[in-house]
Amino acid sequence: MVQFGTAGIRGPVASDVTPSVALAVGGAVGRLAVDESATDRPEIVIGRDGRLTGSALAAAVEAGVAAAGARPIRVGQLPTPTLAFASRGRYGIMLTASHNPPADNGIKCFADGQEFDDDREARIETAVAAGESVAAFDEWGETHRAEPLADYRSAVVTYVTSHHDDAGDPCADLRVAVDCGNGMAALATPQVLRSLGAGVVALNANVDGTFPGRPSKPTPETLGDLQEFVAAGAFDLGIAHDGDADRIVILDSDGEIVHEDTVVAMLAGYYTRRAVADSDTAAENHADAADATAADPVVVTTPNASGRIDEIVADAGGRVERVRLGALHEGIAAAERDGGEVVFAAEPWKHIHPAFGGWIDGVASAALIARLAATRGLVDLREPITERPYRKISVDCPEAAKSPAMAILESSLPEAFSEATVSLDHGVRLSLPDGSWLLVRPSGTEPYIRLYAESESVDSLVETATERIEAAVDDASSATTATAD
Amino acid sequence: MVQFGTAGIRGPVASDVTPSVALAVGGAVGRLAVDESATDRPEIVIGRDGRLTGSALAAAVEAGVAAAGARPIRVGQLPTPTLAFASRGRYGIMLTASHNPPADNGIKCFADGQEFDDDREARIETAVAAGESVAAFDEWGETHRAEPLADYRSAVVTYVTSHHDDAGDPCADLRVAVDCGNGMAALATPQVLRSLGAGVVALNANVDGTFPGRPSKPTPETLGDLQEFVAAGAFDLGIAHDGDADRIVILDSDGEIVHEDTVVAMLAGYYTRRAVADSDTAAENHADAADATAADPVVVTTPNASGRIDEIVADAGGRVERVRLGALHEGIAAAERDGGEVVFAAEPWKHIHPAFGGWIDGVASAALIARLAATRGLVDLREPITERPYRKISVDCPEAAKSPAMAILESSLPEAFSEATVSLDHGVRLSLPDGSWLLVRPSGTEPYIRLYAESESVDSLVETATERIEAAVDDASSATTATAD
Amino acid sequence: MVQFGTAGIRGPVASDVTPSVALAVGGAVGRLAVDESATDRPEIVIGRDGRLTGSALAAAVEAGVAAAGARPIRVGQLPTPTLAFASRGRYGIMLTASHNPPADNGIKCFADGQEFDDDREARIETAVAAGESVAAFDEWGETHRAEPLADYRSAVVTYVTSHHDDAGDPCADLRVAVDCGNGMAALATPQVLRSLGAGVVALNANVDGTFPGRPSKPTPETLGDLQEFVAAGAFDLGIAHDGDADRIVILDSDGEIVHEDTVVAMLAGYYTRRAVADSDTAAENHADAADATAADPVVVTTPNASGRIDEIVADAGGRVERVRLGALHEGIAAAERDGGEVVFAAEPWKHIHPAFGGWIDGVASAALIARLAATRGLVDLREPITERPYRKISVDCPEAAKSPAMAILESSLPEAFSEATVSLDHGVRLSLPDGSWLLVRPSGTEPYIRLYAESESVDSLVETATERIEAAVDDASSATTATAD
Amino acid sequence: MVQFGTAGIRGPVASDVTPSVALAVGGAVGRLAVDESATDRPEIVIGRDGRLTGSALAAAVEAGVAAAGARPIRVGQLPTPTLAFASRGRYGIMLTASHNPPADNGIKCFADGQEFDDDREARIETAVAAGESVAAFDEWGETHRAEPLADYRSAVVTYVTSHHDDAGDPCADLRVAVDCGNGMAALATPQVLRSLGAGVVALNANVDGTFPGRPSKPTPETLGDLQEFVAAGAFDLGIAHDGDADRIVILDSDGEIVHEDTVVAMLAGYYTRRAVADSDTAAENHADAADATAADPVVVTTPNASGRIDEIVADAGGRVERVRLGALHEGIAAAERDGGEVVFAAEPWKHIHPAFGGWIDGVASAALIARLAATRGLVDLREPITERPYRKISVDCPEAAKSPAMAILESSLPEAFSEATVSLDHGVRLSLPDGSWLLVRPSGTEPYIRLYAESESVDSLVETATERIEAAVDDASSATTATAD
């Protein structure tokens, strides 16, 4: 059974992501591409991260794709954003388990630069479940090879250079330490930063699927070496990526990790200000034009992302829309249908730069942040962003009680915080006038109701909210039990 | 269910030799190699013929091999004998359906230059039946590439040149037309013959897995173009191969196909004479040496091969051993255990040159026959071989009656031909003093007893034998029915 | 010293086209591309034919290109038209000596699908003469690889299919023998014809840079095997190519070679009729439209091409323009500047199909002729074309006398054939009302005045013209000598 | 003009190591290989380091090699020791400028695992000077590819594991920081150390021919980042390489650089003790055997290498032989001719491990030092080595006076240090009983006499020696001037 989670298909190669699973998924994607395409032998770009199992799984995917009547284009090891870039105008399959342990691997599917949406993922699941099915022997595809890395790196450099108005290198005089985590970032981030003029020292840039330097997920616990190195040396910035370089962590010049929501806020603020300024310039140039419309810059993010993003975006003249985790591209599409101009979209650690491409791209983030830091300094960029104390709490709640408890909380929480603005789109999210916020939602996988809260007085906020949650769970459990009786 | 037949695994890619079958067989061979080998990551050379499905199936095999902990060495398109050559000192897997139609494909497995024996094949079948099983993630193999064709062609040229005592090109002044049948021979036979000095014109040397020029199996029915071409032009020799170049057909300068048994006889006679001559030379050089042993050259062939082989080998001072179809390498091993020097082994159309390598090699045959024809002429070579009229008859026989009927025939046929020498190893085979022979054996797949006969008076021979077969079938059927009652 | 002739740079690898020449030319083309291009690292596609020296020379070209700051794209062995196709939107360098002997090689340069014009060739010669010069070390290009063959074959199939109005395969029921001459045609013509539905048997389709099957130049002297093969078999058509597949020769079903001018006339007539018909259809659809312009289909050819081309084109409603040998693309450009629609351009054996691409393309010719033959039959296609007896005569003439003799002939020949239309653009060319024509021009390399004539009464035509030429040479020689005194 | 220095051919690509130089050297090595080899198409492995100019220069070398009639085997980017390893049994050419700046490149030639000796280098120089010369067109080589890295890394791991007697990983519990300097070490040292069980964090392991992380030559001035990193973190060992990984620098756990002579002494002592111990063991096992010979372990080094090496080797029961810089392999050969068993050979930073292979190998050194540090600790290894204060002085001396001055010093210096042992093989080298030593020799490229001295009382030693040198230069200059008058 193959099933897509929020991160595609992912798990141990010994049980979940075996060669036969890769073969089946390759076949299903191949058939989908053949069905959707007008041309013979639609192209499917197949890439992989540095895991030891990537070469074999990519071969299995290739076999499935070719036997389905599509043309496999093998592109070897590269970052996930590079695979997305290379999938524009065709399809793509990436073998990666992102920051999972080395014994895992995974499969991500792309069409025209974007991860498969729910509909396509469901079709793949159905097709895999239906069993092996091949094209007529004379329709099988023939494997080609391509090398998109150089073009991708150039594209990032060109994009970020367009965010630099003056002469000279966009990152001149900036000194950056990059921890590639033995992953795919080693093939792109240091090179891009150097092309932009930065002085770059790379840590763990030897690609090694066993992740000998540090665990692949960049966290305060795993970035000790980088923190020490940045603190000991004369660096303006530290950057860390996960195994496939979609995710990014930023360190300041003291080696301290900048909070992921603050990084999102920095970029969200920058993009919004820029869009508004561009719109103003346009308005000046066409002062009397009837068609001059006001800018409506939108930042898309997820419910668990901090209110500090909302604050800075609002200050800059834009607005924030939220969408569930793992669905940023759907959020972008929705906001654009509503007439907004999506200038940035992000979950914590994962950023989409719509003007560059519709995929999560840690390399582009690294380059743009370096560019901004080179002119204004990281301190300046963070200065307008308010970071408040933060808590994440789990309250026990049986599975059956989750739904009725949440129903109760939809009214009881707003009652408790009567001054708050309420959103019920993704759980219950309350925003208070002083910039505090809290989010309550049921865990998707464990017997908990989760509470996220950020406030200068976070303890009292959490206390009040926890009481209400516990009360709601109690009421819901009784009711459930009663019904069951 | 994967099962090896006499020609390995073979069948339609839509049902029998699918990517998942290729993946499973690759995995099974990989595990076998890991089990048998002292070294880490034993190497498995993976090749394929020109079929449109070969690239995808080879990728599937590669995935299985790598995930099992072996190192796949991809070698692309090449003749089966080249893959066998490249598998010396390691393992090999060839994707080929030989001369089957284009919608088929197949898998042949090699260890150290020889096709898998029954034992290894049974282990593969068992392992495939046991289901998917992969090595620990850090033991998976990494794919390499190699290009053995140039070395193989050189090796054939060197081998055949050693059969040429004079100065000058071994095939000088010989003009040959080669019909490659759009198969792998296109990569080896014309090049080897040219290196030996022959003038070569190739037909159907564009590799094309749909076999547009002619069906892949070279027979009198499919070789019309070549026959016309040789007849119309000034050629000394015509050569045709099947899709993977293990099989060879020879045409004389009139475009007539030389009978496959005659081709075997020509080579068998040549090798035997040479061995005896070498032995004599050695004896002369060490006239008084105690260790001078008499030559015992052996030719291994199959029951259905003509008695003309026996005649010419005997004339030359050697002997013939027979082994069942598809088991030449086992016959070689048995003969060597008995102290014989196997100088040649062949089924009709398929030749092993033991001094070159333990695999069926149509390219080496092409080169050696061209070499012999260049000196002595094809006419001379055929001259000592007696071709007698030949018949192949099928007598109806229910499955249940086959065994008792054959038991009856083991005595009734020798009675009918009292002057014959009798062999009961593979059915009933009778050799008469005048060179006539007949073979009676049950079909393995159809409800027949087969009769093969070759004789100047073949009609009367067949008449007598058919009577005895029909009588035996009748008796056996009655007995069987009686028992069944 | 590197100099471009009408066929680019060509000669023995031992003296003229050595690795250092290839390196120098690669460098010069690289620098030209860098100078002309806005982008960094402009791409230069590097291909080669099947010659044994091609791999090394391509590596030398690659080195020059990369060191000049351009990006080499290696594409391996392919037909020259495929290289031209792959050079669209970028640059291309082809290592080929076309039909020269195997010890030669050569270099052809392309920009955006067209061979370099005189200006670019002169710049290359100058740059090579100026000596080695490399880009700054950090501007050197990195080699990539690409495989354009499959896309090229598809493009030809699509193009020719657009010339087929009915359902079904464009070449259904057509049986074709293709002699690839051991050259690059083996990679394209049989495959394209098969895709179009033809039954194809290929001769000499084993790529071999020693050209073992026949000399690379397809002529009546070298095509004996193919002629015999076509005559002996049931073929509708025979096709032969030179080593790099720009040149094509057509055989009828009897194995007779169709005269190269007749082949040009067939295609010229077809394209002209089609253009006129399309224009008529358009006119009908827009009967009253002011902008409906009459069709002005133009066929571009060379002075030595037969008047039969003019006849059939005129009959079909078009006109012929001539341009010097080796300059078809310049003729196309000139005709287009004059407002003509160039529907076809050809020298004998070499055809440009402008609607497909601006390069000489023997594969496209093969496919289109097969397509036409499948519907109308070759006999039908030739029927309207009048082939008259033809002579080519060389009259002795010292170098110094050539120019004054030609000056005399410009008036004396028109006097002798007063009813003729005269063209003085490329020597003296006379067209007579009965379809006869003659061309007189000085040889570029030998001490001769050449006379070409085609007429039902060719002997008397030649006699008259020869007298005038001899007289002109005598007069010119005397004058020259007198002056010298 | 191509000339080999002590490090092969090396210099700016804009002037000295241009593509045409690379082509010429490739051709010369190709012809040498063809001349020396019995077989057709001798193989020449062609590798390169990570410089931006390496790909183009390797293509030029390939062209030269192939046109000379040898077979180029392209192996891509790899460390110089890996290329040496891959050249065993054939030839090799490495494109590398070692630790030179990025605008340089260079060429090193190998035969059977060893750098070319003077004789072969002279033949290459002569052949290049003689101009371009190619093989007959049908003898040109065809390029193959190979991937020796995995086998090389395995070989190092196997070699070092044989220096580990116990069970478990040879480097278990060792934590190492490796600064790959953006060079080829990134492809081998971290991987080998990890395979041996070490925890490895790599710095500058992104291969980048511009050396963005630090200048390629590892020195106290350039290793600041690594020193800080090692000092800040919990590492047992720091390792740094130059661009092609033949050179190695060792840091202790405090981030301090271990003196290069001390590193040589550590390995020299280890190998000598091991050889003596092995010999003793053998002697015990064959106590009464007549053929039991005493061990004669020899360490080969260069004149500028410290006396601390001699001390520790003598203590361990071996002896030291010196040979001029850049000629270690000749020193090995000479010592072996004298009956010695060369157990180790080294210049400062460059080590040959004869039991592994006859080339300088920084990766093998890294692995063996890590292995020794894992058991005994670096402190223990250094403990027996005496490091004394060291000076290097340059005394002005006109070119013409160098030779007579050295002649004077050959007697005046021994007079000044009457208790010293004197060697006149490479300048004047004095060893004093207290372990002090000094070396006086003329500079090869500048107008100086150089003085190297190491002693607990180095200042007085230098004072005395400098006086004598200045006196000798004065005398020599006067005499020279007098003569000139």
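Couple of notes before you dig in:
Just so it is clear, A, B, C and D label the chains in written order, and each chain counts residues from 1 on its own.
Definition applied: a residue touches a chain if its C-beta (ideal position, glycine included) is under 8 Å from a C-beta of that chain, and two chains touch if they have at least 3 such contacts.
Since we're looking at a predicted model, the values are computed, not measured.
Of the two interfaces, B-D and B-C, the higher number of touching C-beta pairs belongs to B-C.
Chain centres here are means of the Cα atoms, and by that rule the chain farthest away from chain B is A. Annotation: 48 Å between the Cα-based centres of chain B and chain C.
Annotation: 56 Å between the Cα-based centres of chain B and chain D. Listed for chain C are residues 142, 210, each touching two or more other chains. Interface residues of chain A, counted against chain D in their complex, comprise 180, 186-187, 190-191, 194, 199-206, 208, 210, 212-214, 225, 228-229, 231-233.
Note for the complex: chain A touches chain B at residues 12-14, 18-20, 22-24, 27, 51-53, 55-57, 59-60, 62-64, 66-67, 72, 102-103, 105, 132, 134, 136-138, 140-143, 210.
The residues of chain C lying in touch with chain A in their complex are 40, 142, 144-147, 150, 154.
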